[in-house]
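Chain nomenclature is as follows: A, B, C and D, assigned in order of appearance, with residue numbering initiated at 1 for each chain independently.
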């Protein structure tokens, strides 16, 4: 089914938009308020405003897309980021995704609210996987998730801080019963099901009182590398360094929560300039093409994380879909490197990119 | 009726546009000339061009939206601004609006050309209310309005200066008989009805000769706090300080009169930079989402005032509509604060906002 | 017919577009190539990018729109500029236009290729009129036009330099036989009809070899004030001063010939900054609203000239149409002055305008 | 057929888009991913953002469009650039194009993968022609092409470096069997057909390992002038000088391969500023109007090269089409020169252009 049909990530988006009910699509991918002026739009526009300065006559016959993330070798600078409850799209939940990540030689980040128990994912994983968590009101639940992940062999803990449990999202309010599994069992947390028996209850228990003290607590709780996902300012990036954090994901949660924020690629430079030498910086939000990856690397990111793109892959064709999404980005990144005279994703010079001097609105 | 249907201010606008006759809508909300290049458009675009820099890992479990306006405590930094003659939309005129403002714990500003007499509004009010006035050719009529308001317990006098009685508005010329109550009685001024028996005559009597001398006169006439609504430059803001004014509303009258003006959020910084320490600065014009409020506060405004948004609420569902409008903005502001690490509307740092580096035109 | 129907210049444009055949409209108002990326578009966009900073609490009860152009008193800073062969739209040719200009208390500039002989226009004129000329290959024909105008009482000579006889215009090539009077008699030049019997031949005889020496020649030929229309750079403005020119029209010929030029309001500042103290500077191109006039004045123009707007007036309703067009601009300018705290068009401060910081694309 | 129908290059594009199957059009002219945010769009937008500052009252009765490219006199600064396999559009392949170039008094650049053998083109040529080559894996094939061209009288060798054999283009993947002659014989290389019997194999053999050492090798291989096509940075332009290159084409391959690159007119200034005094600089990409040529010359280019525009001419009407395309650009360039006071394409001042201060989005 992939011959000539799914050649770009945009093909996946288009297919999902057409197949999924508008209510479910809006609930999963919509944002609050006017989509034309959303943070999601800014994510894409930010990439577009950044232009490439390709170098030529460089031997690009051998290109290395391999890099290291938190000491883990990966075959391309694209990490499959966490997205919740994949069971709504695939009866096997997160298993097809982790298998695809393994097949592509990269890393999967398991959502703290996955459909499958972490143990199942760990069992199926042929690649490093990271456990994403929130600071919940019930810190014990977090501690259990972290320890459970450690025992199951997670390669790192990822703390998401870009959603403090706000529930005023217009799409969610508009379609309260969309078939999204909010009232389904938080099955991966079955051990502690009495504390957060449903997804809705779990999400509602994200602590609005989480602070850097929680980062200190988490830092002491585990010896695994610690990543914070959702940093958008140099000030907070500096605090990450001070708290012994190993990596940052510059992220606005795919533009789904706070509206009016910068595109992540706009926020990236102030962060890499401040802490880029002291911890690893990643980016998610609006990555849809191989050259987006290249632009993020030129601005100092070590890798990008996928949200929607990988999820669309699962929705369209399970494991095969995610593999194809990763192949598309791999092919586009590889090709863009060839056309830019870049041979190693670990050495992408800042001079590769320049700000657009004019907005390019198609006529 | 509000379940799942009116979740954003845009939902109200859409409903009103669909239900109201185009002629009346244009007369109430239109502006002169091309809407695509209007001051109204600039109001919205200005907010969009300003981007948020959210801070994370701040304890946002307790957030205070309360602030003070002219010594009055209000529960959220959103004031229900003055809009004329609400009787055209609700048989009870301004009463539902003032009740809603009270229920929300904020302030209502009574238009100098309300449907209801000020006494009726004062009688229904459970919250502080401000009396808006113009400098009319008949200064006695203004003096009467001010003294009447004082006696009725108004908390302040608001002098509007952004409409000097110009009557060349294309929408108004195009639809002279729209059902708008221009030829109806200026009922709230019944005591002086022989001087300005109809709305049209009242509006026609706005003085084109008003100057800062009138501000001095007004300043001496009343001991109530005095606010000037319609300031758009730092020069005039400085003059406000010099004339003992207590507050400024940065306003272009919702973009309805002068076309080609800046969006108010564009004008705000030069004003707060100049006088922000010496009087209170508010803003109206284009406030449609909670994050707009936050942006205005970050640039030094103490509160925003609502024009269209509140009026749409009245039109759709009277008191319940205005309450819902205020609830939406309260919910969005509260949520945006949570996502930005802001816990108190009185302490929103300037570093929260940054100029957009690229225009984000949706593709 | 003007009640509620023609309230803005845009109403005229819309009417003309709907009534006129596309071929004739394109021939009269089109430009070469893509209209969306044309100089005409830049003329409008330039005005839009400039924003007003209105002052308040100024006594605007008495406003003076009167000014002087070349020593002639006019009642508003809007001159009816030259457009060719109005006979195609009105059997009386230029007479309705000159009557309307007189009624409005302003000046009319008679095209060097009018339908009516200058003598007829002079006879009908109740206002000062200027004679526009080109440098033709046959300098004697120019000399005759100038001397004829002098004898008929013209108030100045206007030399157009923004069309050097180029004939590669796509609209003109595409519709060679549109009913435009190109092959009709150059009736106003009947005395010299053997030299340029048709419009097409006349236009074809515009000299491509005209230089500043021709300006010197013209300067010596007549004692009337001399205006050059079509200046777009400070360098050429300086040369105008050096050659004793009395006025400049910053003009790109309404965007009809050279594509890719700046909007005239963009070119104006470098010109007024260089020569604004030494001669009078006017502007045409894209003036469609009263606030456009105000913006041009703030940037140092003494008056604006109308091209399309006045011609559309003639097309729609002859003299009454031009009068209404001038009334619209008068009303909008007057109203905008009132809303900006400007009382005299001769004293519009530069601080009234500021560059737009963001593009405002309507959503 | 050209009377009134094909008056602009846009007319050709429109005709080709309508007549050609979408699949073939996309394969020939499409780019990877979203067309609205493509490098192709940036090429056009870059020209649009650059505005002309026309000078007036210059004697433009005699204008010289003639210039020299690599010592060859040409009658206008427009070179017919290389595009592959024209046989798909015309049974005579490249012969109509070279005849049209000769008739127009300019130069044709023969694609290294033409339909016709170079010998046939050389036989038909009445103008200088240049041989374009790639660095192929089989360097002998390149050497044969170069020596063959030398023997046939080519005026220069053009090395294309903007396509390093990347084959992940979505249009090409989507329509693998479009009728494009990818699987046809590489007939112009018939002497070495056993090495690259088909177009696809030939293209697949473009070396990804080509470096500046290959430029040295090529430089020594031939005494003909050497041009490198595909330079987009000042750094690589400097390397061209160091390697004895005679000319540079600032090119992004018409935006067909690398997406997210600058428009070529955006890249041009840094290149002419660095090496403009030491070698000849040309530009291709987005040239669609005469004033585009003028803008490129003002920024230091010696000539522009045509890609799509000339190919569309062939497609529509063979030799007559290409001649007409060149005539259109000649007419528009000549006319724009007249309107800008430019009399010689070899002397276009930098002051002719200025950056747009505002985006001009049509309303």
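Definition applied: contacts are C-beta pairs under 8 Å (C-beta built on N, C-alpha and C of every residue); 3 or more make two chains touch, one makes a residue touch a chain.
This structure is a prediction, so every number in the text was calculated from the model and none was measured.
Because subunit A and subunit B share one sequence, their contact can be compared position by position; here under half of the interface residue numbers appear on both sides.
Compared with subunit A, the chain whose C-alpha mean position is the greatest distance off is C. The rotation relating subunit A to subunit D, fitted on Cα atoms, amounts to 90°, rounded to the nearest 5. In this assembly, the C-alpha centroid of subunit B lies 41 Å from the C-alpha centroid of subunit C. Subunit B and subunit D have centres, each the mean of its CA atoms, that are 58 Å apart.
Within subunit B, the positions touching two or more other chains are listed as 34, 36-37, 48, 356, 359, 361, 363. The touching residues of subunit B, counted against subunit C in their complex, run 32-37, 41-42, 44-46, 48-49, 161-168, 170, 173-176, 207-212, 214-215, 228, 230-233, 235-236, 239, 252, 257-263, 266-267, 355-356, 359, 361.
The touching residues of subunit C, when paired with subunit B in their complex, are 4, 7-8, 10, 47-48, 50-61, 289, 291-292, 294-295, 331-332, 334-336, 338-340, 351, 354, 356-363.
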